[in-house]
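We call the chains A, B, C, D and E, going by the order they appear; numbering starts again at 1 in every chain.
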C-alpha cells in the first residue's frame, strides 16, 4: 500500500520478468478511454502498441522495415503503389488481416482526419494485395501510405459514426492490445494473444501513467518511477542521468521537424534574400542550441534538412554555404548593401529612415523557443538590429502566421519521410497564399517557380538516382534563396533506464528513435527484454 | 387674506409607504397614512407620538430626503411636490432646514466645525467672499452661544451640547423660514438639554422662524411649543394648543402618553390599573381608531375631526367624541383647514 | 437598621491602557439595605455602569479594581475565586442591562436562554428548566409559547421584560438595573417600571437603579446618589434630593426636566462647557443627606478646553 | 496569500466587529496614519515594503544592464560572482529578482489600486444612489463574486492578447467584486448616517456627498481593501505567470518561477533559482498583511494585543490581590 | 421562505449571466482550436488535414445569435458536445470522470482549514494575549503569504522526494482497483495528505484571523457579559454564546470559498499530478477546447451556485434573524 509501485525502485525480487514497462504521458492529466486510431490527438500507445502499419520508416538511420506488408512495388511512372500484406497476421480477436482492412482504414482516415488527397483509388486486389492509384505521379507516397495505421474492417464497418467512436476495447494487430485496469490516471496494455510475432512479446505488458505536465513526468523519471522518459527534461544529465548513471541514458536524435526563423517575405526588407541571409548570419546558432535548447540539438546548415534526411544531404551545398554560420562582418556588409545602414546611435535604419526593428513571434507556451528568441535578440543587437521577442499565445501567433500578419517568427516545418514535403512547404508557389488569405503552411509566403519544377520532377521520379539529383538541386536552390533561416533540427526527446528493461535503441544502435509517439516505438516494444532477478 | 395669514407650511394628505426587502419581495410598511397640518409663521408645533409612529418620516419627507408616496404639501403657498419633482431646489433648501436627533451622527467626523457652516454659506450665498464668509461664521457661532475658536475643532472634540449647537448654527446659516427638528435633545446629556431647548425657542421668537419640533418627551413639548399634535401609527389623532391639550387630553392615546411621563411632583399618583385600561383601549387590536357605529360619521373611510373644547384649535379624532347634538364638540373636516373655513 | 445588603467602600476602578490611566470610579462608598431601591444618577460617562459591573466583577480587560471593597451580606466579593464568583452571580445579584436588544443572544431561543440559568445553577434537567422558564414568563405577562421565539421576534418592551424575568429567575436579593428602559418608548418604559415595582413588592429584592432620567429616578427610588466624573456629589433620600438639591450639579439636573404641571417658566440648565474639577469627599449636611462641598459661586469650576 | 485566497477574504471577515465608537469619532484619516505609525506590526510591514520598493526603484543601479543577459555558465550555485547563483541559462538570479520586483510590485499595486477604485466607485454608487442602480450593481457584483475566480482568470488570460496590460486587466476584472462588496456595505452603513442627510439638506450634490462626505469616513476600510487587493494582485500575477498565462517576456517574480520550473530547477537541485522569487512574494504579501493587521488594530483597538494574557470570561482583576484564575 | 425564494431568483440571474459570459468569452479571442492544435503538435499535423479537422470539430461560422440560441438549448438539455482535445469523448464524460477528485481534494482541505482555523480563532480570541493569540496569527499569515503552488512544490520536494514519506502523484496507487475497501480508502487518504496540506496551510491563516477578529468583537457584546453575569460556565459561553454568533460571517465566507474548491485547486492538481477538473480546465484553455472549457466552467459555476444556495439555506437555520423579513 505504502509507496508507489511499478517503478524502477523495485528490489531485485520484484524483477521476475513480469514487470510492466512503465511509460509516462506528460500532456494528459487524466485519461479518457479512447482508443480510436483516427481521432486527434493520438491516445497514448494506440498507434504504437495496438495498431500497426504496413511498413515502418526509421528516420534515425533512414531504413525502412517491412511490417504488415512484406513487400511493395512503385508504379514505374510514379502514379501508384502496390503493397503485399503478410499472410500470417491476425487481429487480436482472431480474425485474419485482409486487404479490405487497408481499404477501409484509408477510407476512414481520409474521411475523419483528411489528407491523402493524391490517392485516386484503392483496390483490394486479393486478400493480401492492395493497390493505390494516384491522380498524378507522387513518389513520396510510398512511405506516407505505408505508415498509416490499419484498423480491422470487420469492426469499424459496424460503427455508426466512426469519428465519434471511443473504441474502448480495441482490436488491433499490435503486440499489446489487451486494455486492463483502466483508471483515470493509468492503464495497462497486456499481450495480444494472437500476435504475429509471439517471440517478440518478451515483456509482459505496458503501463501508461498520466501527468498534467512535464514537471510531474520529469519528477517521475528522476525518481525512477518510469522506465522510459520521452518528454523534454531540462538539464537531463543532472536531473536524470546523474541519479543512476549506471542504467540511465538519453539520446536526442535530430530527427524532429526543422525549426526555422521565418520572415514575412511580403514585407520589405524581408523580401530581399540577402537581408534574410544577413539576419541569419548574425545568429550564433551554437549559442542558440546551447542556451535556448540546452545543448540538446546542433545548428542547422544551409540545406535546412534535419537529421532524418542525412542520406539526402548534399555535402557540397553544406560546405559552400555561409549564411548559417555566424559572421557579423558579413552580415553587416550584406545589410549595408541592402541600404540598411548603421545610424549614429549604433542602430540600423531602413532606407526610408525608420529604424530596423521588428518582432520575433513565438508561442509563449514554447518556453525553449522563447529562450531561442532571447538569444537571437541578443545576437542581433550586436548588428544594430532590434528584435522584440513577442511571446504570445500560440493560437494568436498562428493566426497571425495564417493571415500573413507578422514580421518574423519561429516556425516548425513539415516532417515526412522524404524532404519533398519540407521543400514544398517552404518554397513551392502552390503553397503560397496572398497576405490576408488563410495559409496553413508556407506562412512566410515564399514561392519559386524553379522549385515547383524541381518538386514535380522529384514526385515523378521513381528511381533513387534521379530523386537524389533532383533533391541536390532543391537543396542548392534553398541555399541560394534562404526562404527561411533554419535554426536547428528539433530533437526527438528520449531517455530510458536499463534497470528493468534492456534492448533500448541508442546512438550506436539506432534501430528506432527513443520516442513513444513515433511509429518506430513498436520496434522498441518488440525488442525490449525484461531484466530478471 | 394677508400674506402673514398664509401658513408657512401646509400639508395635505401626505402619505409614505416603504417597501422593504429587495427587488424580489413585496413587503410594505405604511409609515404615514395621509396627514394634514398647517404651520403658521413663527409658530412652534410639537409633534409627539410613540416610537415608530412616523414622526421622523414626516420630517424627512418635508426635508425632501424621502419622496412621499401620496398627498401634497406647499411651502409659502407653492406646491412643492409638483413644482420640484426631481429633488429639492436650492431655494427650498435655503428656506427649510433640518436638525437631527444625534449630534454625533449628524456632523461628519472628518470635517472641522468651520466646514459645516461654510458649506451652506457657500452653497446658498454664492456672491460672498472669503472674509464675508468668515464673518458670517463668527456671527453664527455667536448666535448659538459658542466661542468662535471652536471653528477649528473636530466634532469629536466637542461635547454633545456643543455639537447640537453647531448643528443648529448650520441650519441657521441659510436663514431658513422653517426648521424641522427631529428629537434634537433626546441624545443630549440631561444637564445641557434645557440649554438647547432655550436656544431654539429664542431663535424662533427672535427671527420669526417656524419650527416643527418632533419629540416623544411631552414635557419638553409643553416647554417649547405653541401647539402640539399627537401622532399615532402614522395618523394625527389629536391636536391643539399646547397647554390646553396637556391640561385636558381627549384621545385615549394622548392620555396614555401623559400618564406615562414620570413627574416627581405626581409621586405616588402612579395608578397601574388606570394605565392598563388606557393601554388596552389604545392598543387592543379591535379597538380600531375612528371605528364609528352606523350612524356616527367617524370611520376609517370618512375620518372626521371633532372639535372638543372652547379653544378652536383643539380637536381630536376618535369615535368616542362623536358629538351628541348638545355637546360642545362639532365635527369639522380638517383641523388644518379650520382657519380658512372661518375666513370663508 | 439591620446590616446592609451591599456595602461598597471607597471603590476605585481604573481603566489602564498603554497610554493612560482613566479613573472611572473614584473612591465611591454607598450601602444598599435589604429591599431598598437605591438610585444612581449622573451624566453619561460618569461611571455609573462601571460601578454596576464592578459589583459583579464583570468589567473586562483594561479595567482594574484599584481599591476599596465590595461586601455582599458580609462576603468580600473581591476575594471570590472565579468558581465561587460564578455561583455568586445571578443567585445573589442579578443584573438587567442597558439595552435588552443586545443582552439577549440573537441565535438562541428565549426559553433556552432562561433554561441555561436553571441548568447551570440548580443542575436540573433541560425539560424541567423550560417548565420553570414558562412560569417566569407568566410572571411578566408574556405568553408561554414565546419560549420558542428568538429575541428578534419580540418587541423591545417584551425583550426587556424577558430580561427582567430572567433577572428574577433565582430570586436574588439584589437586582442591578442599568438604565433598563432608556431605549424604550415612554409608554412602554412606564409599563416596565410598573412591572419592576410589582415584582419588587412581590419578591422583596433590593434594587440598584441606574438612570439619567431624574424624574423617573425620584419617582422610583428610596434613596439616591448623584454622580459626577467618577465621584459622588450628593446622596440623600430621593424626595430630599428633589426638594432641596444642594450641589450645583444636582440642581442643574433637577432643572433639566420641565414640569408637566404648573405654569411655563423659563428654566436654566448647566452652562455649556462648565466642568467641575476636584470634587471633595462628601460631608453630611442633614440626616442622611451628604453633599460634596462647593461654594455658591463655584470657584472650582473651569471652562473645558 | 496568493491566488488561493479570495481577494478581500480577510477584509470581509474583519467587518464582523463595528469599529470601536471612540475611534470612530476621531477623524479617520489622521487617526489611521498616526495609528499605523505607532503599531509595531504595521511598522514592520512598512519597513519590509520600503525595502522592496527601494529594490524595485533601484534595480537599474543595483544591477545595471539587462537582467536576462546570459552570462556564461548556467546553473551555478550562489558564489561571490553571483550572490544567488545563476539560472540554467546562465542568468544572474539576483539580477532577475531585483528587476522582478519592479514588475511584480508594479502589477500588484496597479491591480490593487484599480480593483479598489472600481470597487469603490461601484460600492459608492450602489450605496448612495440605491434603488435600481443598487439592484443592478449588486447583482453584477455578486455574480462576479460567485464566478469561480481562478478559472475565470485562466480563461480570460487565455483569451486576451498576452502582455502586462492584459494581466492587469484580467486581475482587475476578477478582483474588483470582492472590494465592491466590502466597500458597498461600509458605504451603505455610512450612507444611513445623519450627516449624509444633513449634507443633502444643506444642498450638497450627489457627487460631493459621495466623495467628500462618505468616502473620507471609509479611509480604513478602503485601506485594508487596497492592501488585500494588492496581495491578491501580486499572488495572482505570480500564479498566472507560473502557468505561462502571463507575459513571459517580462521579468517578474512570477516569470522567474515559471522559468525556474521550466528549466527544472527543483529537479536539478537548483533551489537558489526557485526560492528567491517565492520568498520575495511571500515577504511582500506578509508585509502587506502586517500593515493590514495594523489598520485593523488602529480602527478597532479591541484587536490590539492586551497588556497581559486575559481570558474573555475572567473576573475583573483586583489590583491589590493577584488575578484569580 | 421569501428570503430563500429571493436568493433563488438571484442565483438564477447569476446563472444566466455566467452562462452568457461563458458563451461570449471563447468567441472573443483570436485563433481557433485547430490552429492551436496545429501549433501544439508542431509539424505532425499536415496542412492538408486541417480542413478535415475543422470539419470534425464543427468550428462554427453561423451568426452569433444563432449560436447563442443553440448553445442555450444545449446547455439546458445538458448536452455539452464533444471535447475537442479529447475527441471524441463527450464533455460530460470528461467532466464526470474528474470532478469527484477535485471535490474530494477541495472539500477536504476546505473543511479542515475551516474547522481548524475557526477553532484556533475561537481559542485565540477567548484567551487574548496567549500563545495562540500572539504567535500563531503572524506565523500563519506568513505561511499563507507564499504562493500556494510554491508551497505545494516545496512540500512535494521535501516530504515526497527528499524524505519519501508521501506519494508524489496521483489520487491512488497505480494498479489498485477503486472500491470501497479500507485499503483503498486509506490509499486515497494517504495520497491526499500533501495536496490537501498545501491548501490548508495557505488558507488556514485567513480563517483563523477572520474568526478571531469577529470573535473578539462578539466577546464585547452585551449578551456575552449577560451570560457571564448569569454565572454560566466559560465553555458554554464560549461555544454557545460567542462562537455560535461569531460563526455567522464565516458561514458566508465558507460559501464564497466553495468557488475556490473547484477552480482553486488547479495548480495543486498540476503539481501533484492529481486528477481533477482544475488541470483539465487549464489544458482545455491551452488547446482552445471550447466545449470542454464551457462545460467545465458551467459545471464549476453551477456547483458553486448550488453550494452557495445550500449555504444560504443553512444560514437561515443558523441565523434566525434572516428567517423573517
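To be clear about the criterion, contacts are C-beta pairs under 8 Å (C-beta built on N, C-alpha and C of every residue); 3 or more make two chains touch, one makes a residue touch a chain.
Note that this is a predicted model, so its numbers are computed, not measured.
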Next item on the list: Quickly list, by label, the chains bordering both chain A and chain C.
Entry: D, E
Notebook entry, point to check: In the chain contact graph, what is the shortest path length, in steps, from chain A to chain E?
Noted result: 1
Notebook entry, point to check: If you average the Cα atoms per chain, which one ends up farthest from chain B?
Noted result: A
Item checked: Whole-Å separation of chain centres (CA-atom averages), chain C against chain D -> 47
Check: Taking each chain's centre as the mean of its CA atoms, how far is chain B from chain E in angstrom?
Finding: 56
Notebook entry, point to check: At what distance in angstrom does the C-alpha mean of chain B lie from that of chain A?
Noted result: 89
Item checked: chain A, residues touching no fewer than two other chains -> 215, 219, 365, 393, 396
Note to self: For chain D, give me the residues that contact two or more of the other chains.
What the structure shows: 158, 161, 261, 306-307, 310, 312
Next item on the list: Send over the residues of chain C in touch with two or more other chains.
Entry: 53, 58, 60-61, 85
Next item on the list: Spell out the residues on chain D that touch chain C in their complex, using ranges where they run on.
Entry: 306-307, 310, 312, 314-321, 324-325
Margin query: Touching residues of chain E toward chain A in the complex: what are they?
Written below: 29-33, 35-53, 55-56, 82-83, 85-89, 93-94, 97-98, 101, 156, 161, 164, 167-175, 177-178, 183, 186-187, 190, 269-273, 275-276, 279-280, 282-283, 286, 288
Check: Within the complex, which stretch of chain C touches chain D?
Finding: 14, 16, 18, 53-54, 57-61, 63-67, 78-82, 85
Next item on the list: State the interface residues of chain E toward chain C in the complex, per the touch definition above.
Entry: 128, 220-223, 225-233, 236, 240-241, 244-245, 248, 318-321, 324
Item checked: Interface residues, chain C side, partner chain E - complex -> 53, 56, 58, 60-61, 85-91, 94-95, 97-99, 102-108, 116-117, 120-121, 150, 152-153, 163, 166
